[in-house]
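Take a look at the structures below.
The following pair of complexes shares a single chain, chain A, combined with chain B in the former and chain C in the latter.
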Partner chain A sequence: MKETAASASHSTWITHCANAWAWFGYAFLVLPTLVIIPMSFNSTDELAFPPDSFSLRQYEAFFLKGDWLSSTFLSFKIAIATAVLAVVIGITAAYGLARSSFPGRGAIVLFLLSPMLVPVVVVALGLYLYFATLGFSGSALPIIVGHTLVAIPFVIITASSALRHMERNIESAAMIMGASPFQVFRKVTLPLLRSGIIASALFAFLISFDEVIIAYFVGRAGFSTLPVKMFSTIQWEISPVIAAVATLLTILSTGICILVTIIMDRK
Partner chain B sequence: MQRDALIGEPMVRLTGVAKRYGGGVIALDTLDLDVMKGEFVALLGPSGSGKTTLLNIIAGMTPPSRGSIHIAGDDMTHLPPSKRNLGMVFQNYALLPHMSVYENVAFPLRVRKLAEKDIVKKVEAVLDLVQLGHAKKRLPRELSGGQQQRVSLARCIVYDPSLILMDEPLGALDKKLREQMQSEIKRLHKTLGTTILYVTHDQEEALSMADRIVLFHQGRIVQQASPADLYFKPRSVFAANFLGASNILSTTAVGDGIAQLKSGETIRIGSGAAVINNEPVMILVRPECLRIERYDETSHLSAANSVPGQIVSSTILGNVTNHHVLIADGHTVMAQELTRRTAHDWVPGEQVKVTWAAADTRALEPDEMDVHS
Partner chain C sequence: MYARTGQQSAAFYVLPALLFTAVVFIAPLASVIGQSFWNGQFTTHSYQSVISSTLFQKVFVNTLVISFSSTFVALLFAYPMAYHMAKQTPRRRAFLMMIVLIPFWTSILVKSYALMIILGRNGIINTTIEYFGIPALPLLFNRFGVIVGTIHTLIPFMIFPILNSLLARDPDLGRAAQIMGAGKLRIFLKVTLPLSMPGVAASFLLAAVHTFGFYVTASLLGGRGDLMMANLVDLYTREILDWNMAATIAVLLFILCAVFTLLMGRTRALSTLAG
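Our next item is the complex of A and B:
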């Protein structure tokens, strides 16, 4: 009896230590990001911490000066297109994989998830060479294709878990009640997968919006997404506008992640 | 046979249906089965005996390896589930979780593209029939297990399918609710005259509900009969053991209708399989047919079988009392009698004799013989 009590308190102690360590690691990783936020409200033309004054100059510059806004719009367009494409391809693939078994199924799963396993630089280089030969200059298509490729595995993983949690008998029951395969998909499967679909669409959007390597490799002149624009700006000058952009991006990402959590929890 | 007594053509006719999986696994050996219109047939057997496989084959969820399925006279063997006009009740209800009770019941009518006013009328009628008229706006997860299963019943009967398949529909409910739902299902069956195929592994459920029980073992039908016939006239050791409690004695046949225990007592056989002289034969006596008498008492049963033994234990289980008796050949048998205040108290170790009538003695086929039957 004594022994178990001792070992229980021992394990709580270990748990506390592990928790403290995890929080420390988390703070270490996140604080540098949060430092950007006060920096973005600085009025001087330098990136400085702590900020010596407060102003919205950098935000004004983002919205009014230069081509920051056009890059932002491009990023939005690409991210929305990516989300739509990745969801349509990913959901149908996940459905097909979950509801059938055939030889080579494992190989197909591995193939579909491979963009997650291969370093992004390799994917980016491959796409660069591919589109250099095909020539799609003057369009955002190469970036969309690249981002879709990278987002599909995440959609498949999210949708597969939603499909696994769904009672298989429900679809059988609908079929026996007289629903055609299409009716079953539209009236039963799709509504039941709705939160999974929305969550994976938001994920795909975020992946595309944040992605810099592929966009940098295959984006032609006039097709700089927001992260690429930030990256190239920082090469020439350390502009405090970067801090403002980074702050806005952080808010967007956090917002989307919270939204995904709420949607997934609602079930 | 009993099914010849029923009028009309079979609602379901299975001919030579078999299901084999890769690697030589036989889920269902070649079988024929007719189900008459309005009949309530229970498919009974231990898990893995093929009864659920057969239900899935009839529903169209699993294609048979061989054989044909006719429902209401039409060949359904190659039709998808949606074209078979069947109803199915699942153990886990399988209600559409994102739809209200009303919408769940309306679903089969909507996919059949009925007019809205007909849908309203039919749905309201069946919800009243299953006493859920008050709950039509609720979501399935807001209902109890019994209520959910009633919704699933309503969802079946609303489109008047030619046949309702039930796959262990009460398996997830507790005992009291299960009994309540059993009588509810029987009531619906009587009122509507629906044909029902009911899969269960619960022998009491099958005995109390079905017109006919089809007993499955290892992918084949070992016997099909009315509940009473299956109980009193089981063909094999498996059938005798699966339904009810049974005492099975190993004997050797010594003449026409006469067998002998290892310890020498002769036993008259009342019915059952033909016996061959000097061959071993298994004999069934139900516990409630055994009587325990004082060792020196003269038996008052005519043509009685009588074997000496020794009381091992007596247990009162409420309205019945079970006596375990070690008989002369070394086996322990169970005798069951109604519990009475005036009954003799048998003491463990007491010398007794166990007697029973020849009519209650049945020769069984050993299970191996089922292969060829």
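Our next item is the complex of A and C:
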């Protein structure tokens, strides 16, 4: 009896330790990013934490000086193009995979997801060599194409799980009432998939907007996206204007995460 | 009858993706492999010179050491965190999920920059300990910095598969063990832990392979001696301008990832993702 009590208190003690360790982990994940926010309101160029005085000087530098804004616009354009392309290609593929069975289907799934398995730097070098021989220099197209390749597997995975949870009888009903397969896809499946489509478009946008390596390899002069500009700036100096850029990027990704959670919850 | 026509025509919807992947993924990969054998003429010499170069050997060892030690430490965080999440009510779990998802979707540059502010010579940690009279510690631009950065990126990545395997187990098993008099710790050690091992193994190897190709973390948080294979590919592409060598190292990095991928049967884990 005494022994059980002892072992019970022993295991509660272990539970408390494990919980404390888990909370330490959550703190480690979240706190570094939170540190950036006060740094971005730093009024001097010194990187002391906490800053001695606060101002909007770093945001002013981002919006008015240098070419931060033009890099940001380029990133927006590339990310929007990526989201559109990845969603169109990825959703149709996920539909084809979910609503058909043919020999070699498993191999095709693996093939379509394989860009996830290969290190991005290998893909980036490949695109760099490939587009150098094709002569596409001085355009954003190689970056868009590379980002779309990376985003498609995410879209397929998100859409496949949405398609699996969808009520298939609605599709069958439409088909029995004489709708052609394309009409079923267009008028029944796509509207039912709406929240999955929006979620995967937002993630594809974010993947592209934050991507460094492909943009760094295939982007030529005059085509540095926001992450590329940020990456090359950090390599030279830990400039405080980066804190402002980082804060804006954090707001963007947090906003998208919250939005996706809300969209998926409403379903 | 309807179902069959539907099934056959639906297969055509996969075509655009197949075409895109073939043109944009397979062709560039082929040009990397081709370039690794091409130096004005067909050659296998680059493979000999890469493998015998001391720089490459050092970088190869760096890559393995950084990947496996970071993955191991990240697992020490990810498992207790996933276990903690699995025990919560769905509402609280959704909140914790957000805490894990936001860093997962945060730019690697933002995370690295934040760690530079924290770990640097005049960073938060060193300023604090110097205030208490302790001499500053070298935390940034060295192996320690790279590993901390890598762990930070890996933890969310590893939590998801472990959490899935913890949530998929049958809760009756634990209840049965409890009825038969097992304590909490015993249930964990004899039931929960063994049942979650496949998830743990998958997430460990997945994370290690993922880390082999890391680039940004080592170049921002590491020092001269912490280059990883991806950094070497970049060095040869942009600074030494030797595409032949760059492609050779890229092929070797690809082979390294492929070997570990086949080892774990991660391929099967992936195909279950898309049903």
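The rule is simple: the second predicted complex is superposed on the first by the 247 of 267 C-alpha atoms of A that agree within 3 Å, B and C clash if a C-alpha of one lies under 4 Å from a C-alpha of the other, contacts with A are read in each partner's own complex, and residues count from 1 in each chain.
The working rule: a contact is a pair of C-beta atoms (placed from the backbone, for glycine too) under 8 Å apart; a residue touches a chain by one contact, two chains touch by 3 or more.
All values derive from a computational prediction rather than experimental measurement.
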I'd like to know which partner A:V188 touches here: chain B for first, chain C for second, both or neither.
first
Going by the contact rule set out at the top, does A:L69 touch chain B (first), chain C (second), both, or neither?
neither
When both partners are placed on the shared chain, which of chain B and chain C touches more of chain A
C
Please indicate which partner A:M177 is in contact with in the superposed arrangement: first for chain B, second for chain C, both, or neither.
first
Going by the contact rule set out at the top, does A:I262 touch chain B (first), chain C (second), both, or neither?
neither
Once the shared chain is lined up, is A:E167 touching chain B (first), chain C (second), both, or neither of them?
first
Check the residue A:Q235 against both partner chains and state whether it touches chain B (first), chain C (second), both, or neither.
second
Find the residues of chain A that appear in the contact set with chain B and again in the contact set with chain C.
172, 175-176, 181
For chain C, which residues count as touching chain A in their complex?
2-3, 5-18, 20-21, 24-25, 27-32, 35, 77-78, 80-81, 83-85, 94, 96, 98-103, 105-118, 120, 122-124, 127, 152, 155-156, 183-185, 209, 212-213, 215-216, 219-220, 229-230, 233-234, 237, 243, 246-247, 250, 253-254, 257-258, 261, 266-267, 270-271, 273-275
Of chain A, residues touching chain B in the complex
167, 169-170, 172-181, 183, 187-188, 191-192
Residue numbers of chain A touching chain C in their complex, please.
4, 7-8, 10-12, 14-15, 18-19, 21-23, 25-26, 28-30, 32-33, 35-36, 39, 47-49, 88-90, 92-102, 106, 108-123, 125-130, 133, 145-146, 148-149, 152, 156-157, 160-161, 163-164, 172, 175-176, 181-182, 184-185, 203, 206, 210, 212-213, 217, 227, 230-231, 234-235, 238, 242-243, 246, 249-250, 253-254, 256-258, 261
Which residues of chain B touch chain A in the complex?
59-61, 80-88, 90, 92, 94-98, 107-108, 111-112, 155, 159
